[in-house]
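Before anything else, here is the set of structures, which you'll find just below.
Here come two complexes built around chain A, the first alongside chain B, the second alongside chain C.
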Partner chain A sequence: MTTQPARSSWRNNRTLRRFLRNPAGVIGLTFLVVVVLAAIFAPYLAPFDPYQQHLPDRRAAPGGTYLLGADEFGRDILSRILYGARVALRTGVVSTLIGLVAGAFFGTIAGFIGGWIDDLIMRVMDVLLAFPYLLLAIAIVSALGPSEFNTQLAIAVWTLPSFARLIRGTVLSLREKEYVEAAGALGARSGGILLRHVVPNTFSPLLVYGAVFTARAIMLEAALSFLGLGAQPPIASWGNMISEGRNYLRLAPHIITMPGIALALTVLAVNLLADALRDAFDTRTNGV
Partner chain B sequence: MYAYVIRRLLWAIPVLIGITFTIHTVLSLTPGDPVRIMLGETATEAQIEAARAEIGLDRPFLERYGFYLANVVRGDLGESYRNKRAVAEEIRDALPATAQLAVAALVLIVLLGIPSGVMSAVYRGTWLDATLNILSLVGLSMPVFWIGLLLIYFFGFTWPVLPIGGMRDGLASFVLPAFTLALNSYAMISRLTRSEVLETLGEDYIRTARAKGLGFNVVVWRHALKASFIPIITVIGLQFGLLMGGAVLTETVFSWPGIGRLMVDAIMTRDLLVVQGAVLVLAIIFVTVNLAVDLIYAFLDPRIRFA
Partner chain C sequence: MRWSFRPTVLALVLVLVALLGVTMAQDDRLVIVRPSDAISLDPQRATTAPEVWVYNNIYETLVVLDENMEIQPGLATSWERIDEERMRFYLKEGVTFHDGTPFNADAVKFTLERVLNPESPARGASWLGPIVGAEVVDDYTVDIVTDGPLGPLLNHLSMVFVVGIVSPTAVEQYGDEFGRNPVGTGPFKFVEWQTNEYILLERNEAFHGDVPEIQEVEFRVVPEEGARMLSFIRGDADMLLRAAPAELPMIREDPSYKVYDTPGLRIVYIGLNFTQEPTGDPRIRQAIAHAIDVDSINAFVVEDAMEPAKGVLATGVFGYAETDVVERYAYDPERALELFAEAGYEQNAQGQLVDANGEPLRLVQWASVGRDLKDKEVSETVAAQLREIGVTIDYVQREWGAYLSALALEEVDYNMFTMGWVTVTGDADFGLYTNFHQGFGTNRAHYANPEVDALLNEARVNLDPEARLAAYAAAQQQIVEDVVWVPIYQTRETVVVQDWVEGYVPHPAEYYVRLATVTKQ
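Take a look at the complex of A and B:
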C-alpha cells in the first residue's frame, strides 16, 4: 500500500510508466474505451432500432442483414448489444461509486475516530459481509421490486463493506506514520490532517478496488437481469438478452452467445485493467 | 486455545442476529401491501385486516422483529403461500442437492486450482505461467450462467454425451453443473496459490533447503506449498460460502433441485418468505463455514490463538 505523500509527480510518472509497460493493462484499457464509446454513440452506431421487431426475421443467423443475427422477436442483436453496453457500464460505475463513497465515508470515520464508533461501524460491515455473494442483492431487489436503480442500490450495498474495510485499514496504518503525527504535533486539526494527508493516500488502493468491483458489478447486474431482477424487458441488457435466448438454445445459440461474449470481454477488460493498476501502484490486495 | 474458540463462537452470535435484522428490515421495505399481494385481488378488506393481524403486520417494526427472531430461533420460517408448506421444510428438502453440488465444485477447485497456481509460480515468467494466468483471468471474467448454457449447448446438443438437467443420472449429472460452479473460484484459488507460493519461494529457509541439496520438487511441494496453506485454506473456506450463493445461477441453468432454484422459483412468484428463508439459511451456513475455517486456522497456526 502506498504510504508516501501522494502529490509527487515523480512517483505518478513512474506509476504511469509501469502501467504503460504492461501490455495486458493497455489492451484492457483500450477495449474498455471502445466499449464506452460504443455505449455513448449507440444511437449513431446501431444499424437498427434495438426495440424494433422484425417478425419474419426471427432468430436470423449472423451475417447478412443482421451482422450478429436477430433474436426471437427479430430484433437486431448487434444494436441491442450496443444499447446493452449502456446498462452494463452505467450499473458498473454507478453502483461502484455509491459503494465507494459510502464505504470511504464509514471507513474513514471508523479508522480515524476509533473507539466504540469504529467497533459499531465495523460490526455492521461484518454483518453485510456475512451474506454470500449475490444473495443480499437478490433479497434487496426482490423486496424493493426489480428496476435498474434498485439493482444498482443492491450492488452498492454489497460493495460497501469491502470499501469501508479497505479505507479503514489504510487510515489506521497512515495514522501511525511520522508525517501524520508530525502534522498533529505541529497543531493541525484532525479534520485538516484527514483531508490533507490521509485522504489523498487512499486514492491508489481505492482506484484498484474500484476497478475490481466495477468488473464484479457488471457481472452481478447481468446475473440479476438473468434472474429477472435487473433492468426489465424489453430494455436491452446483456443479462436479459441471455435470459431470453435460453429457450432457443438448441435452435439459435447465437442469441445467447453474442451478448455473452460482449459481457465476458468487457469484464475481462476491466479485470486486466485492475490487475495492471494493482501492479503499477504496487498495491497488495490479496484475496480480492 | 479454549478461550479463543469460545471468543470466536460468541462472536458469531451478534453477526447472526445482525443477519436476521438485516433480512427483516429488507423484507419490511417491500413496497405495497404484502398481504394484498398474498391474498390476491379478490380478497375483501375484512379478510385483509384479519390476515394482517394474524401475521402481526399491524404491530410496530421492532415488535415484529422480535416475533420474527423468536420464530427463527424455533426454526419456524413461516409458510410458503404458493403451496402452504413450511418454508423450513422446503429448504430442508432442497439443501442436500445444493450441498452435494458445492462439495463437487470444491473438489474440482482444489484439484485444479492449487496445482495450476503452483505451476504458475514455479515457472514464473515463462509461457506456461502466462497461459495459466490468462486462463484464470478468463475464468474469472466468464459469467457463470453463460458458461453453463454454452456447456449445455456443446455437451447436450452438439455432442450429446452428458446429462444437462436435474440430478437423476447419478455422478454424470454432476459434471457440467459442478464445472460451471467451480470456474470462477478455480481462477481465484489459482491466482492466490501463485502469489502465496511466489512469496514463500523467496524466503530464506527455502533457499536453505535448496542449498542443503533438497530437490526442487520436494522444496516446492513440501515446503513452499505447506507454508502457503493457511491463506489458501481460508480462501477455500470463503469459496464454499460463495459457492452456496453461486449455486443460485448454476441451479437455475441446470434445473438442479437445490435451494438456489427454490429461491429463484420463489422470486418469480413473489413468495417472499421463501426467498428470505433461503437467504437466511445460506447466510447462516456461510457464517458457520467461516467460523469453522477460523478455528481450523487457529489449530494450524499457534500464532493466531495466542495473539
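Take a look at the complex of A and C:
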C-alpha cells in the first residue's frame, strides 16, 4: 500500500512535464482558461446587457461603442459572445459529463461481468453508434422539444456509446493485469477490485476522451442551435448568433463572423488540449 | 495509352451543342426565386401565397380584380343582377382547358360545388359566405345564387384561390392528385414539379387572350434570404420575390435592377387573445399596445420596406376607414406601466411586473418564422420591448407550417401571436368578418363583440356601398377601442427584376404575380 501514492505522484509529474513541453497544449489550455473565466465573469465583463436592443444602432460595425459591432437588433455582439460562452461551456461540460458517467457505468459493467450482459449492452451501443450523430440528435430534440437541457441530453446520448466502448476495452485489458489477478488471489471481492484497482485506472483515458467530446459537444450544440433546435432566442448561443447572422452576410458580415471566430477558436483550443493530454498520458509513446 | 481522336471530338461537339441548347432555352425561360414551395396547386385546397403565386397563372376566375382594385371581366364577359339573391354571368365562348376540355357553365357549376360541398376537402367554403351555388342557364350562361344579398359578390368571385375554375375531367381523372396535376384555362400550363426545388410552367399556345411571349416559367425555391439575394444578384434568376429589406436601398440604386413597388393589402399584426388571461383584461391589452414601439419596429426592423399600419385593414381596401389607432396607442411605456398598475401589476425591486402575491405578469407569445417579412424579428423585438418594462414573456417560435397547424388546435395557450392577413378581395368583408366576427375559424383573437358582429352582418348583406362603408367604419373604430390587434405594418408589394425583364404589372394583392405580359429582352 505504501508504494501506491509514490507511484502515482511520479506518474503525475512525468505526465505534467510531458504536457508542459507541448506548446500547443499549453496554448489550448490557456485559451480555455480565458474562455471559462469569461463565461463565469460575463456579467462583470460584458459592456452591455446582451438582450438589450439598440434598434437605431443595428448592424453597427466593429469598433466604436460596440467593440465587436452590433447585431441586427443593435445588441452588443461582444456581450452576447461572452454570455454565449456560458451556453457553449455549460452544454459541452454537462452533456459530456452525462455521457461519460452513463457510458462509464455501462462500459465497466459490460467489461467486468462479460457474458450475455456484455453482449446486450454493447449491441445497444452499436445501434446508437450506427445512427448518423446529427440525425440522432435532431430526432431526440424534435421528440422532446427544443430547450437547452434537451439539447444537452441529445448530445449526451450521442457520446454515451463511445465512452462505454472505451471503458469496456480498458476494463477488459485491466482485468488480465497481474495486480488485478493478485488482488483476486489474495481474496479481495470483485466489487472491491473493481472500485479500487480497475476504475481508477480508467481515469486517464476518460479525461482525454472527455476533453475531445467536450469540443465536439460544443460544435454539435452550435449546429443544433443553428438549426433552431438548441437554446431558444433571445438566449445568446453562438449557434443562434451564427444562424441569425446568415441573412446579413453581404451587408454586415461581422454579425456572423464574430461568433464564428469565437466558436472556431474554442473548439480548436479544446482539440489542442485533448491532443496534448493524449500524448502526455499515452503509455504507448512513453517508452515504458 | 491509345485513345481514339474522333469519338473525343464528337463528344466535345455534343457537349457544346448541349450547352448551347441549354443557354438558348434559358433565354425563353423566366426564372423566379421565392422563399417557399407550394403545398398543392389545387386552388380549392391550398390558399396561401406560395401556391397562388404559381397557380394564378394556371387558373382563371369569372371576374378579375385588376391592379387598380377594379373588377374586370375574366372568364365571364359580362354580368347582370337578376334579383337580390341571383347574379347572371355570360361566359366567354371557345375557351378550352389545358387538357382540351371545353370551358362552359357546367365547369363553373362543378368548381363552385367542389368548393361548397361539405364532403370535399376544399378550404374556402366559409370564405364564400352566403354563396350557395351555381345554376346552369345554358352552355354559356350561369347564375350565381346567394342566400340573401351579398354586397361583395364580385370581389368574392375574383378569389382564384377559392373559385379558380378547374377542369372537371382533370379533377375526376386525378382525384386527390389533382394538386400535383393542375389543369385550368390560364396563360400558362403545368409541366413539372420537383418538391422544394422548382415548378415549371410552359405557355398555353391555345390561350384565349394574348399568348405570352415567354416560353417557360420556372418558380425556384431558395428559402434563405441571403442565398436568394445572391442567386438573383448573380443573374441566375430574372425575378425575385421577398427581397431582403436591408438590401433594398442598394438594389434600388443599382441600374441593373428594376424594383416594382405597390401598396399591398396585408396587415401584419400582434393579435391579443381575449379568452386567455390576463389578456382578457382590456387594461392589459391597452398597456401592451402602449408598450410596443411600432414606429421603431418599422424603421429599424422592417427597414421602412413596408408602411406603418394605420388600422386593421390595408388602406387600399374598400371599406377601410380612418381610426384613431395610431394616436390612441402611441408608444408610451409610462402609460403602459400605469395601466398595468391599474390591472394589479407593479414593478418590484428588480423591475419585474408582479401582482400583489409576487407572481410575475407572464404572457405567452407565439411567433411565426418565415411567413411574413421579418415576422420573427418583429416578434423578438416586441418581446424585448415588453421585457424591458418588466413583463415576463414565454416566447414560442415555430416555422410557418407548424405555426399554422398549432394555431388551429382546440386548446391554445397564447396571449399574443404574430400573424398577417391579406384582404385579397379588396373588400372589407374578407378582412373583417373573417378576423373579428364571433366564432369565425380565423378569428384567432377569439374576439366576441355583438355590436361588431351586427355591423359586419349588416355590411355583408347590404347592397348599397354607402351604407356598407358606414357600417365598416363603425366596426373598425370599435375594434380599435377593444384592442384586438396591435397592427404593425401594411405591406408594400415589392418585386425585383433584372433590367432585361419588361412588362411586369405589380398587383397590390401579394398573391397575384401575373406573368402573362412579361417579356425578356
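Basically, the second predicted complex is superposed on the first by the 275 of 288 C-alpha atoms of A that agree within 3 Å, B and C clash if a C-alpha of one lies under 4 Å from a C-alpha of the other, contacts with A are read in each partner's own complex, and residues count from 1 in each chain.
Everything below uses one rule, namely that a residue touches a chain if its C-beta (ideal position, glycine included) is under 8 Å from a C-beta of that chain, and two chains touch if they have at least 3 such contacts.
Here the structure is a predicted model, which is why all the values come from computation and not from measurement.
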Which superposed partner A:142 touches (first chain B, second chain C, both, neither): first
First, second, both or neither for A:72, with chain B first and chain C second: second
First, second, both or neither for A:249, with chain B first and chain C second: both
Chain B versus chain C as contact partner of A:53, first or second or both or neither: second
Contacts of A:272 with chain B and chain C, given as first, second, both or neither: first
First, second, both or neither for A:159, with chain B first and chain C second: neither
Residues of chain A touched, compared between chain B and chain C (which is higher): B
Touched partner set for A:233, first chain B, second chain C, both or neither: second
Footprint overlap on chain A, comparing chain B with chain C: 228, 246, 249-250
Residue numbers on chain A that touch chain C, as the complex places them: 51-53, 55-56, 58-59, 72-74, 228, 232-234, 246-251
Residue ranges of chain A in contact with chain B within the complex: 123-124, 126-128, 130-136, 138-140, 142-145, 215, 219, 222-223, 226-229, 239, 242, 246, 249-250, 253, 256-257, 260, 263-265, 267-268, 271-272, 275, 286-287
Interface residues, chain B side, partner chain A - complex: 14-15, 18-19, 21-23, 26-27, 29-31, 137-138, 140-146, 149-150, 152-153, 157, 188, 192, 195, 231, 234-235, 238, 241-242, 244-246, 248-249, 252, 263-264, 267-268, 270, 272, 275-276, 279, 282-283, 286-287, 290
In the complex, chain C residues that touch chain A: 224-226, 229-230, 244, 246-247, 296-297, 299-301, 369, 377, 380-381, 383-385, 387-388, 395, 397, 399
